[in-house]
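This is the structure, below, for whatever I ask next.
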Amino acid sequence: MFHDPLRILAFGAHPDDCDILLGGTAILWSRLGHQVTFVSTTNGDTGHYSMGGGPLARRRQAEAQRSAQIAGIAYRVLDIHNGQLLPTLENRWRLVEIIREVDPDLVVTHRPNDYHPDHRYTGQLVQDAAYTVTIPNVAALTPHLMTNPVFASFSDRFQRPYPFQADVIIDIDSVMPTKLDMLHCHTSQFYEWLPYNQGRLDQVPEDEHARKAWVNELWGARSRDLADTHRDALVARYGEEHARAVRNAEAIEISEYGAQPSAQELATLFPF
Amino acid sequence: MFHDPLRILAFGAHPDDCDILLGGTAILWSRLGHQVTFVSTTNGDTGHYSMGGGPLARRRQAEAQRSAQIAGIAYRVLDIHNGQLLPTLENRWRLVEIIREVDPDLVVTHRPNDYHPDHRYTGQLVQDAAYTVTIPNVAALTPHLMTNPVFASFSDRFQRPYPFQADVIIDIDSVMPTKLDMLHCHTSQFYEWLPYNQGRLDQVPEDEHARKAWVNELWGARSRDLADTHRDALVARYGEEHARAVRNAEAIEISEYGAQPSAQELATLFPF
Amino acid sequence: MFHDPLRILAFGAHPDDCDILLGGTAILWSRLGHQVTFVSTTNGDTGHYSMGGGPLARRRQAEAQRSAQIAGIAYRVLDIHNGQLLPTLENRWRLVEIIREVDPDLVVTHRPNDYHPDHRYTGQLVQDAAYTVTIPNVAALTPHLMTNPVFASFSDRFQRPYPFQADVIIDIDSVMPTKLDMLHCHTSQFYEWLPYNQGRLDQVPEDEHARKAWVNELWGARSRDLADTHRDALVARYGEEHARAVRNAEAIEISEYGAQPSAQELATLFPF
Amino acid sequence: MFHDPLRILAFGAHPDDCDILLGGTAILWSRLGHQVTFVSTTNGDTGHYSMGGGPLARRRQAEAQRSAQIAGIAYRVLDIHNGQLLPTLENRWRLVEIIREVDPDLVVTHRPNDYHPDHRYTGQLVQDAAYTVTIPNVAALTPHLMTNPVFASFSDRFQRPYPFQADVIIDIDSVMPTKLDMLHCHTSQFYEWLPYNQGRLDQVPEDEHARKAWVNELWGARSRDLADTHRDALVARYGEEHARAVRNAEAIEISEYGAQPSAQELATLFPF
Amino acid sequence: MFHDPLRILAFGAHPDDCDILLGGTAILWSRLGHQVTFVSTTNGDTGHYSMGGGPLARRRQAEAQRSAQIAGIAYRVLDIHNGQLLPTLENRWRLVEIIREVDPDLVVTHRPNDYHPDHRYTGQLVQDAAYTVTIPNVAALTPHLMTNPVFASFSDRFQRPYPFQADVIIDIDSVMPTKLDMLHCHTSQFYEWLPYNQGRLDQVPEDEHARKAWVNELWGARSRDLADTHRDALVARYGEEHARAVRNAEAIEISEYGAQPSAQELATLFPF
Amino acid sequence: MFHDPLRILAFGAHPDDCDILLGGTAILWSRLGHQVTFVSTTNGDTGHYSMGGGPLARRRQAEAQRSAQIAGIAYRVLDIHNGQLLPTLENRWRLVEIIREVDPDLVVTHRPNDYHPDHRYTGQLVQDAAYTVTIPNVAALTPHLMTNPVFASFSDRFQRPYPFQADVIIDIDSVMPTKLDMLHCHTSQFYEWLPYNQGRLDQVPEDEHARKAWVNELWGARSRDLADTHRDALVARYGEEHARAVRNAEAIEISEYGAQPSAQELATLFPF
C-alpha cells in the first residue's frame, strides 16, 4: 500500500511550525531513508518586530532550507502572505497539486482548532484537499492520486471542541539534539520574534551553546509535556519500561477524512 | 404547525447524496402523499474519471430526474460547479430563496463535518440560511417564512467533533428495493465514478439485475450499518421486536438552529 | 435570423433605468406585438432618503410591474443589493441564464462608462455574458444559444473615453405620453428620491397631472437633448423633414462584442 | 497585569446582543469605575419587518447610544450590513485595530457556534483577531499590544459541539432593573422586530411600565435560566447561601486562544 | 456652493503620490488658508528594496506627516497593503466615509489608466465613490453629502485610451522650492527605492542640498514637462506673457462623474 | 539591454490564442534561435460542445504541446478554469512569478478590450503584473526583475475605445504553412468547437490536407485582413515593393505600461 521508501508530507502554517511539531519524527524517518517534505503554507513575512515583508520572507526561507539540510528532508515555502491565508479554492487547488506531486503515504498538518488563524486555515485547507486529490476533474493538469493518503494532525494542547488524541506517539529522545539544531536555524523566530512576543527578548543568550540550551528549555518543554500528558500512549506503544524513560515525544492524531490505516499499516508508516 | 401534506426539503451536495442518505424515507413520505424536494447544491460536474464539465452535469441532472420519478418526489440541481461550493452570501441567499419557495416543515442536509468539502460547505450554507429565512429584509423579493422550519442532518459515521446522534431513525426495509432503484438511476456514479474511485471498476457487473445486487451489497451496507449502530434508537422507536428485525435504516439528527420539535411533532413529521 | 415576433432584452441597473433609457422604444415594439423584457440588475433598495432595505425593494418592484403593464412588456427585478453589484462570476452566470431563457434578438444595457457604479458594472457584466451565452460548458444546465445576439448600449452623455455613438436613433414622439406614464409609476424615484438628491424635493407637485408635466419637463429633457444632439442621425434615418420635427428620441450604440447586424437586420430589429 | 480601571471590550453581532448577554455585568463594572466598550459588528439594518436599510441602521445606533448612557459605557456600531458579515481579512483587521485602540484586559464575544450566522462569524472574527493583535506587522499603523488579552465567550444554550461552560458566572440581581432599562432602549427590537419574528406582535404592551415587565418576563428568562442551569457555578463562586438566592445571572467561558487568567486574575477582572 | 475656506481632498495610491502630483497646488491653497487633505489609499509597505512590511509602512507614514507639516495640510495613510488594493465594496465604502467626513469641494485622484495597478484601482474606487457619497442608504452611519463634489484627475502622460486633458493648469513656480522640500521628506522613496528601481542608486547624493537639487532635476522634470506640454492651457489661463515664463506646473482634468463646475466656480476653486 | 538570444513571452487566454495571434512571429524568432514561451492563462476546459472539464483540459494541453514542438517554442498551460479567470491578486502574483522566471525582453498579450471575458481579464492581469515584476516586496520568494520588460498587445479588430495600432507589423508569409501546422494541432478547436460555435460543423473536411486548406481559408483570413488593414505599416517597415507583396501579417501594439523601446530596440526585438 505504501511507497518504499515512505513519502511523508507535512504542512505547517509558518516556516518553523513543522520543525517544532514533527521535526524529531522527520529526522527518524530521514535516517531510515524515507522521504520527508515540509511545506510552509505562508512565507512567514509578518513574524518579526523590526523586519517585515520581502526581506523577512527571504530570510525565513533560508532558515527553513538550513533546517531541512540538517534533517535530511525537503522544505518548500509557499509565497502566501503570513496572516492572510484563507480557505479559498485557489489555495485548496495549490495544496491538491502539491500533495499530488509528492504523492505521499501520510499527510500531517494543524488541527482546524488552534490559536493562530493561519494554523486553523491551514488545517481547513488540507482537510478540503483530502479526498479531492483523488478526483481527476479537479486540478486536471496534475495527475490525480488513485488512493487517498492517510491524513493526520500535529499535536496541540487545545481542549475544545475535543482534546488532541495521540493515535501515534513517537519517542524522539534519540534525535532531540538534532531537532534542537533544526530549531536553532530559525534565528529570526527563536531568538528574535518569539522572545519579543513573549516579553523576554532581553533574556536571549548570545552564544550558540547557551542559545540551544535556552531553546531546549523553552521549546523542548512541548515535547516533554507531550510525553507526560500522553504517557499512556507511550506505554501502549513502547511498553512500560521504555515508555517511562521517554523524555521527549511527538504525536499525531489520525484524521477521519483520509485513508484509515490498520495497526499494521501504522507500524509501517512509523517504523521506529 | 405543519403543512398537510407535509413538505420536506433535503439539500445534498451532489445529485446522488440525498438519494443515498434519505432516499428510503423520501419514498415513505411520498407514498403517504407528502411532498418531498431534493436539491443538489452542485451540478456534480467533476464526479467522473473520463467525462467532465457540461456533458457530465447534464447527464447527472437527467439521472437525478429519473431517480425522482421513481420516488415520486421533486429534484432540483443547482448549477454550481462541483468542488467549487463556498459559503458565500450569494449561495446563502440562493438557499434562502429555495427554502422560502418550498416553505418546508423539515429541512435536512449534511453535517458541517464530513469528508467532502462540498458536503461541509453545504452543511454550513444551510446553517447560515436557517433562521435567516424568517427575516424579511434578507432576499427581500421572496416572501419570508413566518416560522423557522425544523432543521436536521443526514446520518454520517464521523466521530469528531462528536458522533452523529440518531434523533429520529426510520425503518426503510419496506422501500429498500425502491431505494435501490433510485440509486440504480445514477449510472455515472454507482457503476462508473465511485467504482473507479474505489479501485474496483473491473468488478462492475454488466446486467441490470446483477448491478442492483451489487449496489445493494456495497451501498446498502450503509443503511444496514446504521441499523446496527443505532439499534437502541430503533428499539426506542419501534419496540424491541420490530427493531430487532430491521435490516435497513436511515436516521437524522435535529439541529439546534431550527425549530425544536416536540416528540409529538416528530411523530407528525415522520408518520411511519 | 431573428424571431418573429422579435425578442428584446434590456438590462438596467435599477428598476427605472430601462424605462428612462429605452421606455419609448419598448412601447413601440410592444405595440407591434414584439416581446420586450426589462431586467433590473439590482433591487433598488438604496434609492431613497427615508426608506431602505426590503420595504423599498418591494415597493420598487411593484412600481416596475405597474410600468411594465403600461408598456405591455415583462419586467424582472434581480434581488441584488443596490450599490453592491460587482462583476463576479456568480452575477455573470446569472445574466447568462437570463439571456438564454429569453433568447433575445437584441440585448441593450449601460455602457461600462457612466456616472453610477451599478451602471458601469451592469455594462461590464453584460459584456462578460456576451458570447459566453453560446458556450454549452458554461451554465451547463441552461441550454445555450446557437448564435450570439446583437448587443447594444443605451445612450448617455459621457464623452470619455469616447462619446456615445447613435447607431440607431428612434423617434418616440408618438409614445412619449405613454413613456411618461411609465416614469410616473416610479413614485419613489421621480417624486421622492431623485428630487431629494437634486435638492428640489420642495418643488414636487402634488396632483397627478402636474406631476406628469413636471417629469416631462425634467426627465423628458433627456430625450429632447438626445434628438438635438443626434439630429444628423435622425435625418439619416427618417429624412430631413421628419427628422426636423422629432422632439423626443431614444438611441442605441451597437456593441462590438455581439453579432454585427447589417443595415437590413437593423431595419428588422427596429421596425418603426 | 491589568489596567486600573479595568478595560472591558465586548463584540456582539447586532446593536442589542451585548446588552442581552453582558449588560448586567457591564453595569457592575461601570459602577465600580471600570471602562466598558460594547461594539456591534453589524449595523443591524435588517432587524425589522417594516423598516430596513439606512433609516433602521441609524435608529438602532441611536438606541444603542441611549442604552450605553444608562449603563455608563461606550457603544460603537460598525457600519457593516446585518446578515452580510463574513470572516474576511478586512473585517479581521478592523477588529484588530479596535482591540488595539481599546487595549482591553478582557474581550468577550459570541461562541463560533450559535444560531445566527452573524453571531458565528463575529465569534470567528474575534478568534482570528486574538493573538494577531500582538503582531506588529499586521495592521501596522495601529500600535500592537504587548500581550494578548483574555478572550472569553458570552453564554448560550447550544450543546454542540460542546455545551457552554460557565468559567465565570456573575450575580446580576442588583442591576437587573438597570439592565432592563438598557433593553428597553432597543424599541425596534424588543417591541417590534423580535415580537414580530416570534409571532406575538399583538401582545406587545403599550405603556412603558408594562413593556419593561414584558421584557423582563420574556428576556429576563435568559438570565434566570442561566442561573438555574449553572447553579453549581454560582455556588462555587458565591457560596451556597448567596448562590441559592440568585435569580439573574450572566456568565462567560474563557477562550483557549487568549491569555489564560489565574483564579486571582479572574477575581481582579470580575471584582463583584 | 463651496465652503470658505475651501476643502480639497486628494487620493494618491502611495504616501508620496499626492505630493508629486498636487503638492505645489496644495501649498498654494494652504497659504491662502484653505484646507487640504491628502490620503494615501495604501500604506506603501512594498516600496523599498531592503525593507518591507510594518517597519516600512510606519516609516512612510512618518515621512508623509513631515511632508504635510511643510505644506500646512493634513495627511492620512490608509492601512491597506501596497500592491493589494482592489475595487472592493469595503474599500469603496471606506472612501465614501472619508469623503463625507472631509466634505470636500474638490476631490482629485489618479485616472483609472496609469502604469501602476494601485493607481488604476485608486482611480476606479474614487470613481465608484463619486455620486455614492450623496446616497443616505450607503454607509448609512456617516451623514451623506447633499451635493456631489467636483471630481478631478491628477495629470499623467498616458495617451490611451485618450490623453490627459488639462482642464485647469496651475503655475507652481512660486512654491516649487517648498514642493521639493515636501518630496525631500520621502527619503525612503526619492533617495532609496525609486533610484534603486531606476538603476541609479549609486548616483544618490549624500548631502541634503545636493539631494534636493537631484530631486528637482529628476522629479521636477515632471512639472516642467507638464508646463511645456500644456503651454496652451497656461496661456489660456494666465495670458501669453505670464504663461511663457512658467517653468513648473501642475494640472487636473475634471471628471464627468462629479459636479460640473462653471468657469467661475473653477476660478473659486483655484484662487491663484 | 536585451538577452541574446532574445526571450519572448506571450500570454493568451486559451491554449490556441497565442498560436493564432503570434504563431507566425514565434516561428520566425524560433528559427533564429530566440526563445519563445507561450502561456495560456486558462486550461481551456469549456471550449467544446460535447466534452468538458478535465478530459478537455488535458486534451488541449496535449494539443498545445504538439503545436509548440512544431514552432520550436515552450508552451505552458495554467490550470485555471476557462471562463473563470478574474483579475485577482492570486492570479496577478502568479503571472508576476512566471514573467520573472522567464525574464523576458518582450511580453505580449490581449488588449483589455476584446470580445471574450478571458481575453479582457488576461489583458488586465498582465497590465497589473507589468512594473510589479520589478518590486522585490511583491512575490518576494521569486527574484525580481531589475528592469521592466517591453509590454505589447496582440492585434485585434475592435475599434473602441480606440483601434489597435500596429506599432510593429511582421510579414509572416514565409512561415505561414508552419503556422497553419500549429493551428492544425488544435483539433478540438479548429475542427470541432469553433465550427460548432460558428454553425458550420457540417463543413469540416475529413482529410488532413483539406482541413489545413480550410483552416487557412477561415483563420488565415485574419492575417490577410491584418496585412490589408495595416498596409501602411507594412510599407513603413518593409518598403513599398516588399510590403505590397505581403499576404499574411501579424502585428503588435506597444503598451505604455512597460519599457518604451526605441526604434533600434524594436529592430533588435524583431530581427526579421
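Some observations on this one:
Order of writing sets the chain letters: A, B, C, D, E and F. Residues in each chain are counted from 1.
As a working rule, a contact is a pair of C-beta atoms (placed from the backbone, for glycine too) under 8 Å apart; a residue touches a chain by one contact, two chains touch by 3 or more.
Bear in mind the structure is a predicted one, so any value in this text is a computation, not a measurement.
Put simply, subunit B has to spin 120° for its C-alpha atoms to lie on subunit D, with the angle rounded to a multiple of 5. Its interface matching that of B-F in over half of the contact pairs by residue number, C-D stands out among A-D, B-D or C-D. Here the CA centre of subunit C is 37 Å from the CA centre of subunit E. Separating the CA-averaged centres of subunit D and subunit E is a span of 43 Å.
Centroids of subunit A and subunit E (each the mean of its C-alpha atoms) stand 48 Å apart. Annotation for subunit E: residues 45-46, 52-56, 88, 136-138, 140, 161-162 touch two or more other chains. Inter-chain contacts, as defined above, occur between A-B, A-D, A-E, A-F, B-C, B-D, B-F, C-D, C-E, C-F, D-E, E-F. Note for the complex: subunit B touches subunit A at residues 45-49, 52-53, 56, 82-84, 86, 115-117, 120, 158-162, 197, 199.
Residues 45-46, 50-56, 81 of subunit F are the ones that touch subunit B when the two sit in their complex.
For subunit D in complex with subunit E, the residues that touch the partner chain are 43, 45, 53-55, 57-58, 61, 77, 79, 88, 90, 93, 97, 136-142. Of all residues in subunit F, those touching subunit E in their complex are 89, 92, 127-128, 130-132, 134-138, 140, 146-147, 161-162, 256-257.
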